[in-house]
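Worksheet: the structure to be examined is printed underneath.
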Amino acid sequence: MSLETYRLTEEPRYHPSADEIALYEAAYEMRLPVMLKGPTGCGKTRFVEHMAWKLGKPLVTVACHEDMTASDFVGRYLLGAEGTYWQDGPLTRAVREGGICYLDEIVEARQDTTVIIHALTDDRRILPLEKKGELVRAHPDFQLVISYNPGYQSVLKDLKESTKQRFCALDFDYPAATIEANIIASESGLNPQDAQRLTRIAGKSRNLRGKGLDEGASTRMLIHAGRLMVAGLPITQACKFAVITPITDDPEMRSTLSAAVDACI
Amino acid sequence: MSLETYRLTEEPRYHPSADEIALYEAAYEMRLPVMLKGPTGCGKTRFVEHMAWKLGKPLVTVACHEDMTASDFVGRYLLGAEGTYWQDGPLTRAVREGGICYLDEIVEARQDTTVIIHALTDDRRILPLEKKGELVRAHPDFQLVISYNPGYQSVLKDLKESTKQRFCALDFDYPAATIEANIIASESGLNPQDAQRLTRIAGKSRNLRGKGLDEGASTRMLIHAGRLMVAGLPITQACKFAVITPITDDPEMRSTLSAAVDACI
Amino acid sequence: MSLETYRLTEEPRYHPSADEIALYEAAYEMRLPVMLKGPTGCGKTRFVEHMAWKLGKPLVTVACHEDMTASDFVGRYLLGAEGTYWQDGPLTRAVREGGICYLDEIVEARQDTTVIIHALTDDRRILPLEKKGELVRAHPDFQLVISYNPGYQSVLKDLKESTKQRFCALDFDYPAATIEANIIASESGLNPQDAQRLTRIAGKSRNLRGKGLDEGASTRMLIHAGRLMVAGLPITQACKFAVITPITDDPEMRSTLSAAVDACI
Amino acid sequence: MSLETYRLTEEPRYHPSADEIALYEAAYEMRLPVMLKGPTGCGKTRFVEHMAWKLGKPLVTVACHEDMTASDFVGRYLLGAEGTYWQDGPLTRAVREGGICYLDEIVEARQDTTVIIHALTDDRRILPLEKKGELVRAHPDFQLVISYNPGYQSVLKDLKESTKQRFCALDFDYPAATIEANIIASESGLNPQDAQRLTRIAGKSRNLRGKGLDEGASTRMLIHAGRLMVAGLPITQACKFAVITPITDDPEMRSTLSAAVDACI
Amino acid sequence: MSLETYRLTEEPRYHPSADEIALYEAAYEMRLPVMLKGPTGCGKTRFVEHMAWKLGKPLVTVACHEDMTASDFVGRYLLGAEGTYWQDGPLTRAVREGGICYLDEIVEARQDTTVIIHALTDDRRILPLEKKGELVRAHPDFQLVISYNPGYQSVLKDLKESTKQRFCALDFDYPAATIEANIIASESGLNPQDAQRLTRIAGKSRNLRGKGLDEGASTRMLIHAGRLMVAGLPITQACKFAVITPITDDPEMRSTLSAAVDACI
Amino acid sequence: MSLETYRLTEEPRYHPSADEIALYEAAYEMRLPVMLKGPTGCGKTRFVEHMAWKLGKPLVTVACHEDMTASDFVGRYLLGAEGTYWQDGPLTRAVREGGICYLDEIVEARQDTTVIIHALTDDRRILPLEKKGELVRAHPDFQLVISYNPGYQSVLKDLKESTKQRFCALDFDYPAATIEANIIASESGLNPQDAQRLTRIAGKSRNLRGKGLDEGASTRMLIHAGRLMVAGLPITQACKFAVITPITDDPEMRSTLSAAVDACI
């Protein structure tokens, strides 16, 4: 499978909040690695997709998890009819052929994965495949992007300082209300008025963050609610189904959130 | 084995409690992922079976456990005469061929499994098979459903916020008394009067939840008792065998429950 | 190897204590799963053997331990001349061919093993072989039995509530004195008088349970002592060798038990 | 390799302390499993060797350790030219061909190993080879012996009650002074006077057990010292080299022990 | 792949701080192993590259991580058409063919890796390949270098004393201001004035170390900022993107750092 | 590879401190196992090399580490063209062919390794290869030597009492000043005056042990410093590079040590 299958064929919609596009472009021009920081569901993945499309580069996304090892990134030996043969992992393919490699929630992965990217993020720009005994020099187009949710990380699961210092970093947060309403409307097909109502509901839920809620409603949840409304559900039912029931089991918090929905319609 | 073997051939009986069928249908229409929350044995699995039958889609059920890894969902390389070959896991088959995939008690599984479903639950609807180097785009009919028992989860074993926010959620609980009696009667073949007696017994046990009992008698247990009564056991013996002895070893709690049985017959 | 090798060829002696045989027969008639609760060495295994013989079904016994995984129950791929082939595990064979499968001390096994039996213990009666991609529907004769020692289990190692609720449960304890003397005599060939002496000694040791002894002498230990007496050892030596030295290293407890032996002869 | 290579060809010298030979013979006559309890280096292994020789049975000794699994006892599949084939482990060979199997320091092994022996230690006398799908019925000559050091075991690493209750048990301790001097003389070739001196030294060290020493000098250490004296070392040098330096690094305890040596020569 | 591919083809720029080049040359002349101590991003890797280039030796760099085992250094058996064959790891290749082997952040690796280098770091200069049964005697040109960040190491993850004592050690720190400005200018192409401004900013951040910052801005970060300025970003934006956002999420610390940037421009 | 490659071809220089050579020779004559106790870098390995050379026996040295298992000592099955074949480990080769096997820092290895040597260290002198199903009887020339650093061991990582009691033990420490100066001079080629200076420096550092230093300068470090002086470095630079910087990062301790160096030159 060629890296071309990772090339985005249509523009992923993205509504910029500030100067993030210009900063990213400068970093890409210098091939500096970039780190995206921010809460879940606020558009980090969409931003990378947008930039990869804008720069015309293939995008290899890897969702990290705690059972992920360096081999899952870099490649491994498989057993074929003639004995073992090497298969490049997603990172190696982006390094060799020149794509943007996006490691989503990198801190979830085991530490060997963060060390493996060190030589790719300084001026050496090499990927040592120790098991294969090969040094891959990065294609001139290659760039590394990682994401990271600072609000989530426990002390035990944080990026090492020697890793953090290798990246330029961009902060992400939920978009401003008007931008968010536009996003909801364009992603779900909902009418603008209802989209604004959903945005107001989200704002109230986000004020409850840390006061009984771990996290407020994400933009993604609002899009879900919007789509359910397009499918015919009334706003209260759609919000209960797509926003309230998923984020809390606490009866009082549920009433508070239901009241917030009622107040916004 | 084709996904067709996972198609239900007869209607699974299901007694709705509220608007859960309409909500599920709206979610399916928009192919939004759904999370079912509720205690053990209250009918979550039966509900998904019913909806899969109603929508005419194959249903792939995976019971999650803590030794389960992403490979168990997604697939793995096996060793054949010509070397290794890839075998799709249950999730991948549902994604490719267009079924409903139901991951029962998802929090039991290791975290890599919850991350693997992220790209399936947003607008990308893709499943990256990293070990195979393939991006599977979901069949238009594919939908993901997970279940989750909020009363059980320890702090250590909870869904990540970034996972929860991807699902529409439905609450489940034991059915109302008349509905439950109907379910017992139709599932066990017991006469309606005895079925109502069993329902009253269950109600008393559920009031003891948190007061010495971890969990009251489930609908499933009442069906067991009903079937033993159909097999000829008197109600006290059936309840002792199928309800009281299984849920507690505490002598006082057992007397309390026995007294509850005696009071209801 | 056919499941027929698991069919018992001669009647395992069993002395019933109460209505356990009738209850078990009703459960088997309805193919409900059964859980046997009780201390070690009180006859649970023998009871299942007896019932399997009585019902004329093969009995597959699996002694569970903490390194046991679902694969040990269900089966695994082995490597043959033509690549890997599947080998059914003991549970799968009982499910396919229609035997009683007895999982002894199920809580010792890892949790994946308890989840794997869920779909076998409700009305679906199926065993999903996820690694093989096969759904095995249970033979009409199949039944599942598990055992469980409530006195032993730590909080960390208990059956999940969602597992417990799937089983009818029977309590077991050491048999009443006359029954136990009969068992000792018939199992060891000892004369009835000495068998009664051993029963009295056991009674005294069981009173010390929780007062310095973790567990009193089991019926199995008394049979051992009886057989040593048949081999020519006097009762004090036989009891020291087969009962006292095995269960405690505490010098005072040993004197107390020796005095109990002396008092009973 | 036949089990015959495990048959002892010359009599292992053994000096009985009490009635242990008669008790063991009665247990073997009834094929009851036996547990040997006692401190390190006091002659447990030698006793089993002696009994195996006396009864004319092959003896398979397995030194248990914490990385040992059931497969190390029972056997495993190996990969040959025609695919995998089964190789019996040491326990299985003793079970099939009729030897005495001695599991030395059984508590060190992982718990799956203790469960695997359960069906061998009751009247079933079977060894289920779950990975092979075979039930091995024990040869009539087979007997199981285990050893166990009660002074060592932590609470976390103790035999399960359900295992202990399956064994007849014999206590072992360091032999009485005259017997021990005979053992030292016959094992090392040392003259009786010096052997008695070593015995007196050992007695003093054993009095220090729990008062700064974890364990006193074992009979084995005294034999070592005796052999070094036969090789020409004076008693003080031999005791320092073979007794004092090995058991303690504490300077004061070393002086105390040196003074004890000086007092005994 | 020959070790020649590890030979540096152009001189890595290096600005010495003190007598480190002479000390390293003396150590290499005697083939003594060297340990480089210092914080992340201060130039340790660059120094080894410079010395390898100066001495005309190939340089094999291994970035250590906590899942790294001795096999990753030393080699392993792989499966080929004719069965397993041995593949040398990076350390073994440097030992055999005579290169400098640089183990970066050695304490991250598992302890077996530190023990494996013991026989290479004393006068034996051998590498035992235990799995292969081979003793590799080091090529006369072979030298071992390790790096180590004392500020990072927890008590649990420190070099063993018996390892430390085998190495000559050099301290590294951030370079003096003028040297650092030169480095920034020559590495990023930035004009000297701006390079000095960045150096002053770094100095302020380093004063905050331990007062809310785990680590100040590294030289590497300043080079990143310099390159972004060359790409057209103004200094405040470049510092925010490449220095401030990566090292802290604390709003107050971010203001302090922004004020420091403003004060230096 | 024959065991002959493990035979030392030239005499390893060794300066005895007391009667250790005579004691070792007596132990070897009786083939008693020997344990060497002492701090790192004081000459334990050199002593065993010397004795092996003196006795004319091959010496197999194994550096133990915490990921080392019994298989690394004993051997394992490898996969060849005709299926698996057995490869003896280093211990097994010494046992079969009659060498001295030196297990360096045995406590670092996993416990299965210490149990595997039990049957080799009593009068049985056998090595059971359980995975191969073979009992190897030791060659008459075989002897086992282990080393052990009592100052290092934590409570969790100590030799089991049942292992300790199997060995004769020798204490090692840094050599007396004149002997140490001779060693430094002969190993490094340094002139005697400077060698004595280094010895005096070492003495001062050893007095700081436990008062801020984990360990004083070892003889090995002094030899390193001596060789750097032969390569042209002045004594202060050589001591800083080879002694002070490696053993401490504490600024005050470094000044104290530097002052000690200055005082001795």
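When the chains are written out, they are named A, B, C, D, E and F in that same order, and each has its own residue count from 1.
The definition used in the following text is that a contact is a pair of C-beta atoms (placed from the backbone, for glycine too) under 8 Å apart; a residue touches a chain by one contact, two chains touch by 3 or more.
These numbers were taken from a predicted model, which means no experiment stands behind them.
*Asks:* Among the other chains, which touch chain B and chain E together?
*Replies:* Chains touching both chain B and chain E: A.
*Asks:* Quick one: superpose chain C on chain F by CA and send over the rotation angle as a multiple of 5°.
*Replies:* The rotation relating chain C to chain F comes to 120 degrees.
*Asks:* More than half overlap in residue numbers between the two sides of the chain C-chain D interface, or less? Answer same or different.
*Replies:* different
*Asks:* Centre to centre, by mean C-alpha position, how many angstrom separate chain B and chain C?
*Replies:* The mean C-alpha positions of chain B and chain C differ by 30 Å.
*Asks:* Starting from the mean Cα coordinates of chain A and chain C, work out the distance between those two points in Å.
*Replies:* 52
*Asks:* Provide the list of chain F residues touching at least two other chains, using ranges where the numbers run on.
*Replies:* Residue numbers touching two or more other chains: 79, 82.
*Asks:* Quick one: ring order starting at chain A, direction chain E?
*Replies:* A, E, F, D, C, B
*Asks:* Could you pull out which chain B residues touch chain A in their complex?
*Replies:* By the definition above, chain B touches chain A via 19, 22-23, 26-27, 29-30, 32, 35, 37, 69-70, 77, 79, 82-84, 110-112, 114-116, 118-119, 122-123, 128, 130-131, 133-135, 150, 160-162, 164-171.
*Asks:* For a test of understanding, state which residues of chain B touch chain C in their complex under the given definition.
*Replies:* 1, 5-6, 40-41, 45, 61-68, 72, 78-82, 87-90, 93, 104-105, 108, 149, 152, 187, 214-215, 217-218, 220-221, 224, 227-228, 230-233, 237, 241-242, 245-247, 249
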